[in-house]
Amino acid sequence: MRILLINPNATVSMTEQAARSALQVVLPTTRLAVATGQGAPQSIEGFTDEAMSVPGMLAQIRSAEAQGAQATVIVCFDDPGLDAAREVAAGPVIGICQAGIQAAMILAKRFSIITTLPRSVPAIEELVQRYGAHRHCRKVRCINLPVLELEADMGNAYDLLLSEIRRARDEDGAEAVVLGCAGMSELAPALFEATGVVVIDGVIVGVKIAEALLGAGLRTSKINAYDFPRQKIESGRRGGPATNDVQTAQEVGN
Amino acid sequence: MRILLINPNATVSMTEQAARSALQVVLPTTRLAVATGQGAPQSIEGFTDEAMSVPGMLAQIRSAEAQGAQATVIVCFDDPGLDAAREVAAGPVIGICQAGIQAAMILAKRFSIITTLPRSVPAIEELVQRYGAHRHCRKVRCINLPVLELEADMGNAYDLLLSEIRRARDEDGAEAVVLGCAGMSELAPALFEATGVVVIDGVIVGVKIAEALLGAGLRTSKINAYDFPRQKIESGRRGGPATNDVQTAQEVGN
Amino acid sequence: MRILLINPNATVSMTEQAARSALQVVLPTTRLAVATGQGAPQSIEGFTDEAMSVPGMLAQIRSAEAQGAQATVIVCFDDPGLDAAREVAAGPVIGICQAGIQAAMILAKRFSIITTLPRSVPAIEELVQRYGAHRHCRKVRCINLPVLELEADMGNAYDLLLSEIRRARDEDGAEAVVLGCAGMSELAPALFEATGVVVIDGVIVGVKIAEALLGAGLRTSKINAYDFPRQKIESGRRGGPATNDVQTAQEVGN
Amino acid sequence: MRILLINPNATVSMTEQAARSALQVVLPTTRLAVATGQGAPQSIEGFTDEAMSVPGMLAQIRSAEAQGAQATVIVCFDDPGLDAAREVAAGPVIGICQAGIQAAMILAKRFSIITTLPRSVPAIEELVQRYGAHRHCRKVRCINLPVLELEADMGNAYDLLLSEIRRARDEDGAEAVVLGCAGMSELAPALFEATGVVVIDGVIVGVKIAEALLGAGLRTSKINAYDFPRQKIESGRRGGPATNDVQTAQEVGN
Amino acid sequence: MRILLINPNATVSMTEQAARSALQVVLPTTRLAVATGQGAPQSIEGFTDEAMSVPGMLAQIRSAEAQGAQATVIVCFDDPGLDAAREVAAGPVIGICQAGIQAAMILAKRFSIITTLPRSVPAIEELVQRYGAHRHCRKVRCINLPVLELEADMGNAYDLLLSEIRRARDEDGAEAVVLGCAGMSELAPALFEATGVVVIDGVIVGVKIAEALLGAGLRTSKINAYDFPRQKIESGRRGGPATNDVQTAQEVGN
Amino acid sequence: MRILLINPNATVSMTEQAARSALQVVLPTTRLAVATGQGAPQSIEGFTDEAMSVPGMLAQIRSAEAQGAQATVIVCFDDPGLDAAREVAAGPVIGICQAGIQAAMILAKRFSIITTLPRSVPAIEELVQRYGAHRHCRKVRCINLPVLELEADMGNAYDLLLSEIRRARDEDGAEAVVLGCAGMSELAPALFEATGVVVIDGVIVGVKIAEALLGAGLRTSKINAYDFPRQKIESGRRGGPATNDVQTAQEVGN
């Protein structure tokens, strides 16, 4: 089968790390197509970064499906544009945050998530709630390291994650930990070795769940919420030049 | 005070309707700047439409603030890009869905929401949950009419809304109704007259809440989640040409 | 417009502080009527204090509306008698706890509340849940100071609030703080200056939301839950002297 | 043991019905003191009726405890003033709504509640949530009959309840039903006979739970939330005549 | 009345302790039948221990009812097999965890639970959620002592519980504590004396609630979820020797 | 890899159907071991059936792992003994209800579940809540057919499911449906063809998720909740013959 692994940000080395992780676990019959965000932010560290990365990502998903991709894995832990991607794609679309959380709910009663920056914590907490895991997720923690610095010094990232995982185990009662950034992917095995805590990398789990759903013959429902985007009547018929857009703001009031 | 009223979609007539509604209620001292989505979809009817409208909207908000806008009201009931807008803006940013729901929670114990298409129902249900109103919102209903058709024949829209509001009152026990599309704004007063059900239009409430927060001297917290987007190290230093993006997908596997 | 600012407790100086705060933000066209609880407790520090303050408050609201008040703001953070007030009043009724929480949900992703005494914490936690903010409110904290002592020494209250706000920011990840007592109202601006944490005073926000709802032409729904109290058949027709009330308890059992 | 059965409303015949029900189930060693609301509304049909009944009820509970009452059962399904009563009382205080719901959660997986008027439905739904039963309570239904009419024609009430219980069983999948008004108390046995649905009367269950908690040697915690009301510094020291109460409203603004 | 007190584990001394506690509070008219798990684990310390104890317990409940037991109390804090027991029994079945939690919700606003081992914490947290108490239960704590060691040295258990109760009061704001193991039953009075925190023992409360429900004439609903187990068509008609059970696993695949 | 497919009930033909479904989707490298409940009920239709099937199932899982099974799939939609199985097994354990629900949360925004008997509805609703899907699962429906009858006449079952799926789509707004019984497994493809609603069979998804987790190198966390069952001190040291079990109930009381 043919799976698209798409990194919504513009940092090629992060795409490459995700691809390396995925290649270690994909089936021999799986052909992987990898993509990096075009004109997207260098990293996704907030809602604006997410928003700026999505339109390009949607175009890349459409193009990948046109070239035969049967499923898509978005390798950013904020699951940016996940709902929109499920609209534009015919095949299943996996977000690594949702995938990691689902695996954690099978493998442990209580888990914690460890991400990069404090500002990402509330965003991930909202995903935890949307995915129905707020009773199982003890805490969303962070190592207070920007994504690009994390990736630039994996040794440092490893040390910070190691102590944070121990804190999650001892303070939260976490039985498993989900790594909250695609850039941490290759650190998972060593962290499990060192702590005995099951360490879940959403990239690896995401790719395997994509294979599982394809293998089960399942695809995104096209009834209602995830139906393909609606065609609009052609733009010409209405509106015309937006003469009152803010650049030339028509001011009102007395 | 100076408030930006931004319609994320590209349909100027919808912007104009929202502006007419707002002008009926703003303070004499309020100066309104209105904006219409540039290169955005003609209407927001799904997650992809939302995603495509946000980057342009964020640029317009930045530009409006540069020209003196102190608060922003996003006049689309899906509250597209609300979190991102709160990051880029210094002033408070109001989504008409959140504003309408907050007013409903003050004015009634139980309310329903009436939107346009069935596909928008789950998206709005998620907003209801994010805004903490799932115990107060009885049901998210729809009149099964595309946004542009709604706007093209307001008489028909009125009739459909009238019977749906009565259904909400009789079947849901709704004491109030929130109109689930900016395109319904001007119908609110007549619908209240005809039914006795308090009919809340998010556009009007949103503008008044923007005035209220400015009048209270409040603005978006720039600590953590809504801090301004992080500057990245300049793009040149890393990555280089994305040779392995999907157009020229580097295929792997055997 | 004409707004009633009612302090359910009997302490005039608290009413005066609330009025001073409100006067700094109301519109020039707003006429403020202020009222202090008659025969009510000196402060509201528990469920009994609340209960004892409500009947008198309801009478004052009725009387204020008879004299032209169009909206009511109850300036006690427990929102005592809020539902009952919405029944007796024709205009919108705002509780400062609900108002402060709604503002916090617009201005920040995560906030904490800081009140006076530990015994008020569970009561406010229940309000947080009723208003649907339990996912956004990190913690309800207190400075362990009785209401009247707080008001008697504002310098001391300021110091205690200052360190508690810093704790909320550092330990809870609070991006904003809602002051959990009307008696803290005038401290809000200085606390924001000193901490950079958005500090929300429910008195100020409550008055502005009252103006906003009136400006939007909205009022409390009189369908179902908040309908005016039902008239009873006249008392004479049934019962007669309550000969078996507890003072002369008719004892039974063998 | 000595238990106070207090009806917060002023209708003696309702107190008598509750007492008759209780007398059928109390232990031989239980001495029952019964009380009827003094100067309270004839019935509790909304938040204002609740508020008006509580201060008098609290005084009666204090007086009953002074005369030896060890536990209190409030026989109104809105559980008016329950938290305040737990503050003023040393012994356990039972609300018949909470008692009925707790019994239902032991005896069935899913139940419905049937009350009198539609306006009481949202109020009871909030109690269901506060008592943590919203996942177990399928629906709060009503027979659309005022409390006093219900009591005036028990035959009619029986017929309406009978068909509503059948609807709850068939439409809600209710395995048990809780009667949502003290005035329905004596109908419970016949309704169970006629339907096979377990019909729970909060009056009977409430009295038995009061006996159970006393028998277990338990009483209300006086730590924090339910501690006795705080003594205030004597009123004279502050405030003085409320010259600016609303009757003589000091008007402000320009 | 006749009540079965069943200890699902095989440790007779724990049954005896529970019986002693119960005997101190049962009515003179209550006849207690006590049972100890046959071939069950020595203690219930996890999901497997629970599972292994249930089939035998169900048989004992059936047999006890055949001999006249009218209600059953399961004296293990994990409430093992509670739903199944409610199916097989005609009378009400009480779990001491649910009973303790219900009492705590009447006697306090906020409580904590203290159990034996860390591994039991998530299991009890799930019960707290199923019983609708997650908003009232501050924390599930443990003293990190296996059940049998607890019982072997009650003095040590007392000391550990004493300091944990103080921690619950000071750190959690717990107003009451529920003892999370039947083996702690006899320590409750002394712990209350020493701390002033209301200490609830589920064994005592469970027996009294069983008496209360019987006294109220209530029993388990036999409609739907708790109906008696369905009779199956006789086994002979289908299946035959399970030749493909795993001992002789029929292997498949290529 | 080697996966155990275990049917907890005693009906071999149901095991065979599950095996046929699984064989259509497993990887060529997957070796399937299948097991049928020994001395278990013919079908699982309630909490007692579940309880009676678990101890035998746990023994079979242990034995299968001893023979090399690396993961286990429990093919009964009540997920009986899932937590206990995760304790005794070293490899991951999948319940088909949790697996089906997780797939539905990826492939649709809103889904419904269709099971066999009404009595199973509340049990499955509780699983939906435990798995965090109560906001995504619109309704748990049933076709009111006992498991064995369903399996004896698959044509009839197909017709009933077909109309129930259409009802779920039209009345619930379900975008996908999860089949709520392993005995429905082979009907999934035809039901999707006939309705266009994505029909999810937990057996197929469960096996694929088991393969995915093994492929990802993940296993159940042995920290805390799912650690292997604790060894008890040998039984001899305490208790002795349970002379006071209920058969020879030591009666107490006066």
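In order of appearance the chains are A, B, C, D, E and F, and numbering begins at 1 in each one.
What we mean here is this: a contact is a pair of C-beta atoms (placed from the backbone, for glycine too) under 8 Å apart; a residue touches a chain by one contact, two chains touch by 3 or more.
Source: prediction; values computed, not measured.
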Notebook entry, point to check: Given the touch definition stated above, what is the smallest step count connecting chain D to chain E?
Noted result: 1
Next item on the list: Give the chains in contact with both chain A and chain B, ordered by label.
Entry: C, F
Note to self: If I list every residue number at the interface of chain C and chain D, are over half of them used by both copies, so same, or under half, so different?
What the structure shows: same
Check: Cα centroid separation between chain E and chain F, in whole Å?
Finding: 25
Next item on the list: Averaging only over C-alpha atoms, locate the centres of chain B and chain F and give their separation in whole Å.
Entry: 42
Check: Where the CA atoms of chain A average out and where those of chain F average out, how many Å apart are those spots?
Finding: 30
Next item on the list: Could you list which residues of chain A touch at least two other chains?
Entry: 83, 109-110, 118, 121-123, 129, 134-135, 173, 224-225
Check: Where do chains touch, given as pairs?
Finding: A-B, A-C, A-E, A-F, B-C, B-D, B-F, C-D, C-E, D-E, D-F, E-F
Notebook entry, point to check: For the complex, which residues does chain B have touching chain C?
Noted result: 25, 27, 83, 92-94, 98, 102-103, 105-110, 131-136, 169, 173, 175-176, 189, 196-198, 200, 204-205, 208-209, 211-213, 215-226
Notebook entry, point to check: How about chain F: which of its residues touch chain B in the complex?
Noted result: 109-110, 135, 173
Note to self: List the residues on chain A that touch chain C in their complex, please.
What the structure shows: 118, 121-123, 125, 129, 134
Margin query: Which stretch or stretches of chain D touch chain C in the complex?
Written below: 4, 6, 10-13, 15-16, 19, 23, 26, 28-36, 38, 41-43, 45-52, 54-55, 58, 60, 63-64, 67, 69, 81, 83-84, 86-88, 117-119, 121-123, 126, 129-130, 146, 148, 224-225, 227, 229-230, 232-233, 235, 238-240, 242-247, 249-254
